[in-house]
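Chain lettering (A, B and C) follows the sequence in which the chains are written, and residue indices restart at 1 in each chain.
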Amino acid sequence: MNRATERGLTLLCWLCGLLPLAILCIVICYLLVRGGSSLNLALIFDRVPAMDALLGHQQVFDGLFPALCGTTMLVLLTLALALIPGLCGGIYLAEYASPLERRILGLLFDIIAGLPSIVIGLAGFSLSILLHRLFPGRFGPCMLLSAMALAFLILPYLVRSTQAALNSIPQSLRITGPALGASKLQNILLVLLPSRIQDIIGGIILAIGRAAEDTAVIMLTGAVASAGMFRSLLDQYEALPFYIYYISSQYTDAEELQRGFGAALVLFTLCGLIFLLALLVEQGFSRRWKR
Amino acid sequence: MAMGSGLLLIAILCMMAVLGWPLVENGRFFALFSTTWSPHAQAYGILPMILGSLRITVLALLFSLPMSIGTACLAELLAPRPLRRLLLVTIRFMAGVPTVVYGFVAVFLLVPLMREYLIFGSGFSILTASLVLAVLIAPTMIIFFVNGLQSVPRSYCHAVDSLGARPMQKLIYLLLPQAYPSLLIGVILGLGRAMGDTLISLMLAGNSVALPESVAESGRTLTAHIALVIAADFSSMEFTTIFACGLILSLFTVCLIVSIRLLDRFGTRGAQHREMSTESRP
Amino acid sequence: MPTFPTAISTQQLSFRYGGVPILHEVDLALSAGKIIAITGPSGIGKSTLLSIFNRLWEENGDGRLQGQVKLRLDGSMVDIYQDAYPLDTLRRKVGMVFQTPNPLPMSIAKNLAFPLRLMHIKDKGLITTKSEEMLRKVHLLDEVGDRLQANATQLSGGQQQRLCIARSLMLEQEILLLDEPTSSLDRQGCLRIEALLHELRGTTTILMVTHYQDQVQRIADLCYELREGRLHQTL
């Protein structure tokens, strides 16, 4: 390899390497230019006063409010379903499982993590068909179903991040608890988990981000374009990502399209904030670690 | 608990097999792999979708690979230090940008460009989708590449640095050959993400069921097929094909993950061998 | 006794690494062809001190250096931190050997050829003669001369370390930085390396960090102790 090839390759690396940054910039600028102007309260609440909408006095039809509520509820429900099993699974894998169990379960979780989200959505959908056959009645695609499917989607992330956090604890800290007479469970709860709490919270936040942005699962399990304000767990609902997808193919007038851009900007910002939060938590961790 | 979710996975696969069973029952399973999809003529070949998926995936990988390797090299070695951190944070942020946002921007920005300058027609094509997909899977690969480059033993780096290797020499002679297994794993992960993505191909590939003749034409992927057919009648044959799609996608994932596992073990065996020379601090 | 010219000199050299002060306004002038030992309590930054002279610390960032460092390279004193002097040239002229032997995961022959490969030297004959010459110099030729294609990581620790020294010498450096080169070896390996250093003396300036006072007594011409940011001459 002579000097010229070296130079050429370096240049090529710079060109290729700055491409993703450039693309991200283009995406952000484009969203801001096209959607920035529509970013106001009317985008979310339409013409309904914000307080009335928040308190449920008045329905919002032409705003993002129902979709935002739907996504929020969905994420909370998903988290409620997945958090405990995820953390427990991670702890079990890191602390209790035998090497064989660890390998088999690790493989299974990796496969689940790798499953296309549409397949998980399809599984959720199939479940609703089965339930429909077993209990002929009203159990179709609904928020609960979506939340279950999403919980299944983020479960491996939670398990793996918890496991990785616990595995990264140095042996010296690991034996401090038992040396002081702590039982295994006490050691985990009082020493190990707190020492890596930032990592674990960071993992949870990133999992939330995934649940919030996923569209493929919810479009198969109950998200619809216009359901109005979400009412019960067994109803269909509106969600932000699905709304954006819907607008991109089905918009009828310029105003609707404008709202689509607004929605895309809102979702983008939301995910950006979630990422920032995760980053801050992590930074806090590393700063404390240095001292 | 962990057992439970493992069982759940198996249950899901079984459920799909059960729901897709009518296909096998009617002796139509092998007809699945025919090239015509025409529900009116009772032809349910999903081969166009399989090919569509493969084409988009491979193209996306081709576009994404140089970009990812370039970025990983910049972020690990070539860029000035402050820029490296910025790059890494940005890449991690990009991994969290919603797919639907990429798709949305592409529909209104990239598609008209494609229509005007490159492929004419509607602008919705396999090429368009794979370009956006390349951006989508890049962060996954970059993060893995960077990890791989970072895990090259420090003592080797010291040896090569102290002999006066320039950054590009260090990269070509030491880092890339040493990090080779993790590079491969990164590519496989990228492949999985590209294959499994629904939204981009659904929004941008055009979704026509005809067997595409060139990448500039419209095509449909397995994932998009599932999303498109789901609205149809529950008991129709058309509907049962999506379970075949689901099954194919799942099996594909299983193959990928298992191959990663095998590679990983191969890689760590190499690492144990490497550990003979322990770290030294300058 | 011939007088040797100065090979290494520093002026008002201050260095902080990772927020920790290592050196404070050190003036130093070391003659060429000597073995200079540096001792001091562990963790005080002796290894980091060595890496000032081939700028290796820059690979890990987070250091701040003030003052001047000059080395005699190709017969004239150059300020190695001035921008015009290329980093890769510097490192090819100043060899470094580490605490733990670090042969690259390739054959012995390739390890030796590696520095030349970096210089774009492709002449097979030159590489072979040079490799043999260096192996002879470090007394490895008899031991491994018949299996040059074997993986270098399979050698014993002492052999690996001598291979690393040979690899550093491939470019005929005039200055060699050694970071506790014998600390991971048994006594036999240690003595062989010391004998080797004795032979290199006169042609090569050797700056060596060491823990062992007896080693200093055996081979060093000069000895400095690093304490509180200063170098105190003890021999």
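Here is the rule we use: contacts are C-beta pairs under 8 Å (C-beta built on N, C-alpha and C of every residue); 3 or more make two chains touch, one makes a residue touch a chain.
Source: prediction; values computed, not measured.
Relative to the C-alpha centre of chain A, the farthest chain centre belongs to C.
Relative to the centroid of every protein C-alpha atom shown, the closest chain centre, again from C-alpha atoms, is found for B. If you average the CA atoms of chain B and of chain C, the two centres end up 47 Å from each other.
For this pair, chain A with chain C, the centres built from the Cα atoms lie 52 Å apart. If you average the Cα atoms of chain A and of chain B, the two centres end up 19 Å apart. The set of chain B residues that touch two or more partner chains comprises 166, 169. In chain A, 1 are the positions where the chain touches two or more neighbouring chains simultaneously. By the touch criterion given at the top, residues 1-6, 8-9, 12, 15-16, 19, 66-67, 69-75, 78-79, 87, 89-94, 96-105, 107-109, 135, 138-139, 142, 166-169, 172, 189, 192, 195-199, 202-203, 223, 226-227, 230, 234, 242-243, 246, 249-250, 253-254, 256-258, 260-261 of chain B touch chain A in their complex. Touching chain B in their complex are the following residues of chain A: 1, 6, 9-10, 12-21, 23-24, 26-27, 30-31, 34, 85, 88-89, 92-93, 97, 101, 104-105, 107-112, 114-123, 125-127, 129-130, 152, 155, 159, 206, 209, 212-213, 215-216, 219-220, 241, 244-245, 247-249, 260-261, 264, 267-268, 271-272, 274-275, 279. Contacts from chain B toward chain C in the complex involve residues 81, 155-166, 169, 173-174, 178, 273-274, 276-282. Those residues of chain C that touch chain B in the complex are listed here as 47-48, 50-51, 54, 56-57, 59-61, 87-93, 95-96, 98-105, 114-115, 117-118, 153, 160, 164, 167-168, 171, 179.
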